[in-house]
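Chain nomenclature is as follows: A, B and C, assigned in order of appearance, with residue numbering initiated at 1 for each chain independently.
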Amino acid sequence: MSSSSYTISRSSRASRLAAIFGILLLVALAAAPWWAGRADMRLLSEIFLYLSLACLWNLLAGYAGLVSVGQQAFVGFGGYMLFALAMFAGLSPLAAIPLAGLLGALIAVPVAVLIFRLRGAYFAIGTWVIAEVFRLSFAQVSALGGGSGTSLPVGIVKAMASNRSMREATTYWLALGMAVLVLVVIYLLLRSRNGLALTAIRDSELASTNYGIDIWRHKFVVYVIAAGLTASTGALIFLQKLRISPDAAFSVNDWTAFVIFIVVIGGIGTLEGPIIGVIVFFLLRETLADLGTTYLLILGLVAIVVMLKAPKGIWGLIKARYGIELFPLSRRVVDRDLEN
Amino acid sequence: MPDALLATRELDAFYGDFQALFGVEIAIEPGEVIAIIGANGAGKTTLMRSITGLLNNSPEMVTYRGHEIGSLRADLIARRGIAMVPEGRQLFQSLSVEENLIIGGQMGRKGPWTLERIFELFPVLKERRAVPATALSGGQQQMVAIGRALMSNPDLLLFDEISLGLAPIIIKSIYDALPNIIGDGMSTIIVEQDIAKALSVATRVYCMQEGRISLEGRSDALSREQISAAYFGV
Amino acid sequence: MDWINAIIQGILLGGLYALFAAGLSLIFGVMRLVNIAHGDFIVLAAFLALSTTTLLGINPLMALVIIVPVMAGIGYVLQRSVLNQTLGDDILPPLLVTFGLSIIIQNALLEIYSADPQKMNAGPIETASIAVPGGLNIGVLPLLMFVVAVAVIAGLQWIFYRSALGRAFRAVSDKQDIAQLIGLNKAHVFGLAMALSLAVVGIAGVFLGIRTSFDPSIGPGRLIFGFEAVIIGGLGNLWGTLIGGIILGVSQNIGAQINPGWQLLAGHIAFLIVLAVKPRGLFPRID
């Protein structure tokens, strides 16, 4: 057996199976407007949007060591930008979504410069302050309804598509597309040199108090990208809701607490985690939501128990037990003779 | 050795998957002074950490006064009368010189050592009692570290490389003070790389090499050749 | 005149914010833990005080005698049973566990007390005021709270830098291993630190409940005020924290004077300005 029969490979049989299954699933989901009911499509859209938020939060906290409890700042900002661009600039919502993302990334630049001065847990609370500033500021804008918010004018909604089912299919596809886009961007980002650097940083100095300019830049890039994509997702969320208000747009429960729950349950710092987490979260929600506050109590308890007893989440348990990886990120030495 | 104050038995120690000690057996009798010598990385500090409870082992691997303490928490072991002057001094940087000494005595164990006696032993510390401990010179910091350990009035005192990084003249003055410290019949384990210094104070010597005891015997009975063979390997 | 009044009220309010901040600052100093549920504990203390006063028919200020030790006990047990397990090199576990706690406390309070705003009545002292030269009136209660806040900060300062407990706090904070070697049980020391933190939270919660109306959802806001006071004043400096609280209170009141909608915004902006200009706070501890 010569040494040339060994190769460095990222993929494994599990990851290739997962890729095939993923593509089939994607095709089936894309065809949902032809087989799913209206309520199912709404639920699926919501799942996709939460998946996208969860993946982005996981990118920040699980890979870049930037634990934010203020991502609702960008969800709400994106939502408000969609409304503003559509209402005042006459843009079609479809064009406003990417633009809202761009603006979200732009506003993230000064925000990052400011709050990157805080470390660790203090960074987390700093992000929360930013979200509060956004909420209070938008509440002052009377053209957007001030504190009580506003609805997307019917004309704008109608102009999106000729009839209601077409419109619903469009927002559904947008949500699906958003989730796929986020997954692809994060996957590519983590495979890039930036991503490798991030993993190295995470593993070595999560608790460090001072980081050099290189690390700062890596984190900055990730933060801005995550903010842009979060804002786009926020725009989509409020395009579906058709109504926006400061409290709904910048809700820490809806856009951060649930998202953290999803990532923690699924497995933080893995790409698979948020996918598992979002499924578990919606299963729990669909079965327990009637309980109201008790449901939230249970979520909090489950999150604490998981964090204490299984800090790598459900996917961590699966991975430790079966050693599989659906998104091939880690490189493995493969003996070609054995593989063939 | 049935009447040993402290003994280790088949002591293995690990850092994660890395095994640092292999079946180490040492014993010290009440009032005895022993030395442990060995090259860098031989496992001396690891042995000290195992005895003091900073590394956890199986209960039976370390016995003290007939009790198994191998898995006891470090603070509980300290309460039983084992103190250590750690490698690299490790003073509390937020505490003044005096506070470092006082906190050493916070368990309230009775015995000969008081703040006054420490200041008699190292008068320079009295002058500088109010400054932050880390504002002292290396040698003075070593005095604080020794004083902090003494303040708990231990029955067994461990010194981990007290001469490390100090000028020869300072080392000499600290070793000159040593008889005053261990004179009152305190059992002492001295970890040293400086073989001559170790042999001058200890009655028995253990030599460590790559996590194992490679030689043991009375200081006056061991030859230079034996020691260097055990120290450096052959 | 309105302006001077707003500033004086802001200063007095700053004392309350310093109380929010002191407990946060203390546990960060001892174990590098940031308790995201800190604000919710303040609200919990307010509700416990509310129940105590209605149950026993006593003045809420008297309820302090019960609330402070109860909160300290909760802090100790919480630290020993849950939070100690989260401490380590990774900042995620303590952050996420206290975030989970925050959600649990909020929803438990919601379940028990409903979302209706509550307020405690401290009796005639609430309307008493002292006339000062210049035709201003200073309320006795806000003044009393300010004085207590200053006393609490002074007390914490004394504990931290002069007492045996404070020595233990600093030693464990410096070097956990070595502190164990001299017989300090770090789990216990951390428990005591959290107990002290929540004891201060108890005072803050009772004062909050007398001063303003409160409901289960306002905890995170109090956490943010406390956090801003800590950062403005400079990490690890308790007197700085008092000044941070005062700056925050004054900014909020000046903002409200300009436009009622700007009260909170003005406080946040003052914080962001300090963060931009002096990221280590106005009075960072030199170490």
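Observations on the structure shown:
Just so it is clear, a residue touches a chain if its C-beta (ideal position, glycine included) is under 8 Å from a C-beta of that chain, and two chains touch if they have at least 3 such contacts.
This structure is a prediction, so every number in the text was calculated from the model and none was measured.
Looking at B-C and A-C side by side, the one with more C-beta contacts is A-C.
Closest chain to the protein centre (all Cα atoms averaged), using per-chain Cα means: C. Annotation: 54 Å between the Cα-based centres of chain A and chain B.
If you average the CA atoms of chain B and of chain C, the two centres end up 44 Å from each other. If you average the Cα atoms of chain A and of chain C, the two centres end up 33 Å apart.
Here chain A touches chain C in the complex through residues 61, 65, 67, 69, 114-115, 117-118, 120-122, 124-126, 128-129, 132-133, 136-137, 139-140, 147, 206-207, 252-253, 257, 260, 264, 268, 293-294, 296-297, 299-301, 303-304, 307-308, 311, going by the rule given at the top.
Residue ranges of chain B in contact with chain C, taken from their complex: 52-54, 73-76, 78-79, 83-84, 86, 90, 92-95, 99, 102-104, 106-107, 148-149, 152. On chain C, the positions that touch chain A within their shared complex are 32-34, 36, 82, 85-86, 89-97, 99-104, 106-108, 110-111, 220-221, 223-224, 227-228, 231, 261-262, 264-265, 268-269, 271-272, 275-276, 279.
By the touch criterion stated above, chain C contacts chain B in their complex at residues 164, 167-168, 170-171, 173-175, 177-186, 287.
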